[in-house]
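Presented sequentially are two complexes of subunit A, the first with subunit B as partner and the second with subunit C.
This part shows the complex of A and B:
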């Protein structure tokens, strides 16, 4: 039984990596713009669908096949650009309004984008297996494990480190944090706050798209997942603490590992595991693992 | 007739006589053993037990010739057929397929003169709305739109809610897709189900596994954590254990509906080293499971057994592993060797029009459609006039009919069609560049369908 443990841990980290990537975009937007972007799940879905199309197109061109991985980044970038269409036009006018307007608007975007994906990509499941197939798999503890999954785990860690470095060490990162803390003061200091907001929103959409783009080669994408992904990312944000990157990272790992061993020892727990952890965190630390009390 | 409530008002003369004679026969033979030639005749001439006296009565026999009643004209206005399925939402891909099937069936039937010369007008109704709205719309279809027949419903929950309404609005309701055995646990006058259910198909699957892999011992499963997955697994493993009590369940995974990450499920199952892994996933979740399983080399270590395996064929394409066991739930488009005329008719036309073979929900649509068509035609033949809804319902109960997926007999008691499930092994067909089922078998309905109103697990215990 124990020989399978390394594989279970890797599976847990894989799930954690996807959860972190998925939730980090929502988290950044929530932390800086103070907007709960309900359309976030749609950007995951867009990233995934775009990857299926780009990978298929890329394979058809006959270019060196190992460059197929660039398509994942291209798809995530296009998801970010689609996000760019929404921020200055739809979101900017409602920052000063009540929160319910933001929820209605972003939920509306989710519904519209869900229909757009149905019109563009149809109703069936879509796959993009090439990046997954290309790397093959190795055996750990007698159990096969695909190399691609290792890549996804690595990307999750790298993105976390980069985000942490960006917000803690770079000038732009610090400006963004300052904007998040106090909009008026940063404006008075000459910071172009609307531009920062656009940048952060696009970046958030890019991260959501990246999660979808990385996930789709090993899974598949089909209608109805936008809502599923929104709920997942929201739970992680609650566990980690609103707007806390470290919280989301640690929270994702806890959920990933707990889910992995939960499935192994209590097969019926999968439905509830995420919410059980969320309830425990809410009872013990209502502000989330790394959240600050308001 | 047993506990079955005999509600039929139109009784054919011959049947009434048979009924009377059977009772008389039973009455006279109480306490005695009547053997042989007297069976079937009114009044046995039994004397002492074990001794049978046969008396031949010479009498000029009046020859009875069946004369069909004179045919009255058929009404001119079109037959209104309402079809309900998921046309939006997460399951809309089903509706997309079945819509094609229904359109094709109606179009081609209309070309050939409709049903008894009556054209069919087809309307589509969405199922991806709350259950109570489905029910309200269902009632409206019967009372306001006055449709002749309602075909459809994928969700068993919706089917269960609509069934009593069908009796209330006295409109024939044929369920082609919803697969919970619970849908036919209550008697209904106007409700019929023409595909296999969760109390039967997993039995067929288990029998096929026992035949193909008689040494099967270690069994694992990955199923969705709701009634569908639970019924599938419970009935499958009960059947398997009945014939091979030493079968061992080595790993269980219950996934939530809509789960796309199956990595832990696959690892857990592989770590348990099972001979087979049972599964009943459908839709995108099945696609993502198979996709991930391929990269985990799952199929090199174990054999996959899936009751709706056909659903993943188009998306996985030529990567689908060969040699896996599975069923297209009940009907397969390639009915063994195209021996069936209706099968050729439907499948060829479907491929001509849409470029792909019909999947199992399309075959299920055809099974429901031909149930209605055959019932109307049969009833007209017997009655000599166009049948009322009630008369069509009476004909449907007990009807045996051919359809593109094979041969169905609808049971009188619970109106469940005894639809023999198809099971087979996957193989890549270069013609379609995807997996198909080959080496398939059609399992006799008598072997797999529990008696009316019987819980499948209770029935298996009695074997």
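This part shows the complex of A and C:
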């Protein structure tokens, strides 16, 4: 029974990697713009659907097949561009309004995007198996594990390191953190805050799209996934702490591993386990594991 | 604060409600249409649902994304009590469902009211989705995605055979009567000390705490009351619709009262009621020509949020207040 554990842990890390990409996008937007983007899961779904289309187009062109992985980045970039359509037009006018209006607005975007994906890609499940099949798999503890999944785990880890470096060491990263801490002072120091907001929102959507794009070769995609992913990334944000990168990282690993083992041992209440973890964290440490008390 | 709309005298203020309810009561004898009675019944049920939701959203300032959980609890309690315990009396089923919905709201609310703003909103959503997952996964008792068929219950001991007659006449007036009671009860609640505290919490919860009032406890009471109204709506909906399914617990359904309160006007008492009739009417026509009504409703949510944050009723009463040069206008 224990020989299967390495595979479960790898599966958990795979899941954690996707969830980290998704929830760090949500968390960055929440930390800087102070807006909880309810449409964030829709960008995951968009990234995934775009990948299915781009991969199919790419395979049809007959270019060297190993370049198919570029389509994942292209899909994530397009998801970011779609995010760019919303921020200056719809979100910018409501930063000063009550929080419930901000939630309502992103909720409206969620509804619109949910039907747009249905109109463009239909109701059936979509797949893009080529990048996945290409790499083959190995066996661990008697269970086959695909190399593609290892790649996804690596991408998640590399993105974490890059984000950490970006926010801690680069000038733009520091400006973004300053904006998150105090909008007025940052403005008075001559920073173009609306531009920073747009940048951060687009970046958040890109990360959400990237998570979906990486996920689609392994699993099929369907429209209802948007809300499921939004709730999972919210669970991670609560566990890790609002606006905390390390929190999103650790939270993703906790949720990923818990879900991987939960599916094996308690398949009926697998989702409930995550909420129990979340409620315990909320009761013991309301600001999250890495969050700061306001 | 929101201007006190256009109530010149309390009696005059009540007049529109009386006219409205009498007009609704005249629909079956004047038209005799079962379909129209069903639509109006649906609008009334959703109005009760939205009123319950709006007790939290418009009056306490708590935006819940999981109110389908309590509506759904009412629906499922009704259907399951009928199916497994063979209770036929609507009154008993109604009582049982409202109690179960209220208990659900009390338990979930107890956890949720500890958190503010987005945490509150997302926790309610999360609990709602847990309930949805339970309904789908425990399919041997809930019927899973197929849902449960709801038979016609007996009303005050009378048995009915014809579904069309049941919906057009006896049950229609039953719904209308319960609706009237709900409106009166909600009106009393909102104008009581309790209601004023809720509105004070919405406007500034820190100051309410400084006054020595436990803001959290009042939020919990408001949450439970909200659950009562949702349970009432759910228990009326089950026999009206004749069928219930997991879609009535799903987050998409939680958007319904939000949408209704937003277009009607969440800061006006009449808002959710008017909003509900607009919703049923619009949905009736939109679904007639497209299956993509979410796109349409999402666009309306965005439009109203950006341009008409006080909804139809709020907009009209603001406009009237400005016309009458009411001195108290300040937003």
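The rule is short, and it goes like this: the second predicted complex is superposed on the first by the 287 of 294 C-alpha atoms of A that agree within 3 Å, B and C clash if a C-alpha of one lies under 4 Å from a C-alpha of the other, contacts with A are read in each partner's own complex, and residues count from 1 in each chain.
FYI, contacts are C-beta pairs under 8 Å (C-beta built on N, C-alpha and C of every residue); 3 or more make two chains touch, one makes a residue touch a chain.
This structure is a prediction, so every number in the text was calculated from the model and none was measured.
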Clash-or-fit label for the pair subunit B, subunit C on subunit A: clash
Touching partner for A:118 - first (subunit B), second (subunit C), both, neither: both
Partner chain in contact with A:234 - subunit B first, subunit C second, else both or neither: second
Subunit B versus subunit C as contact partner of A:21, first or second or both or neither: neither
First (subunit B), second (subunit C), both or neither touched by A:129: first
Touching partner for A:152 - first (subunit B), second (subunit C), both, neither: neither
Partner chain in contact with A:180 - subunit B first, subunit C second, else both or neither: neither
Which of subunit B and subunit C A:268 touches, first, second, both or neither: both
Which of subunit B and subunit C A:260 touches, first, second, both or neither: first
Contacts of A:137 with subunit B and subunit C, given as first, second, both or neither: first
Against subunit C, colliding segment of subunit B, chosen among 2-10, 38-46, 128-136 or 236-244: 128-136
Overlap of subunit C and subunit B interfaces on subunit A (superposed complexes): 118, 228, 268, 271
Contact set on subunit C toward subunit A in their complex: 57, 61, 63, 65, 111, 114-115, 117-119, 121-123, 125-127, 129-130, 133-134, 137, 251, 255, 258, 262, 292-295, 297-302, 305-306, 309
Subunit A partner contacts - residues on subunit B that touch it in the complex: 89-93, 95-96, 225, 252-256, 258-265, 267-268, 270-271, 283-284, 287-288, 291-292, 294-298, 301, 314-316, 319
Subunit A residues touching subunit C - in the complex, by the definition given at the top: 30, 36, 90, 93-94, 97, 99-101, 103-105, 107-116, 118-119, 227-228, 231, 234-235, 238, 268, 271-272, 275, 278-279, 282, 286
Subunit A - residues contacting subunit B, complex: 1, 3-4, 7-8, 11-12, 14-15, 18, 118, 122-127, 129, 132-133, 137, 141-146, 148-149, 215, 218-225, 228, 259-260, 263-264, 267-268, 270-271
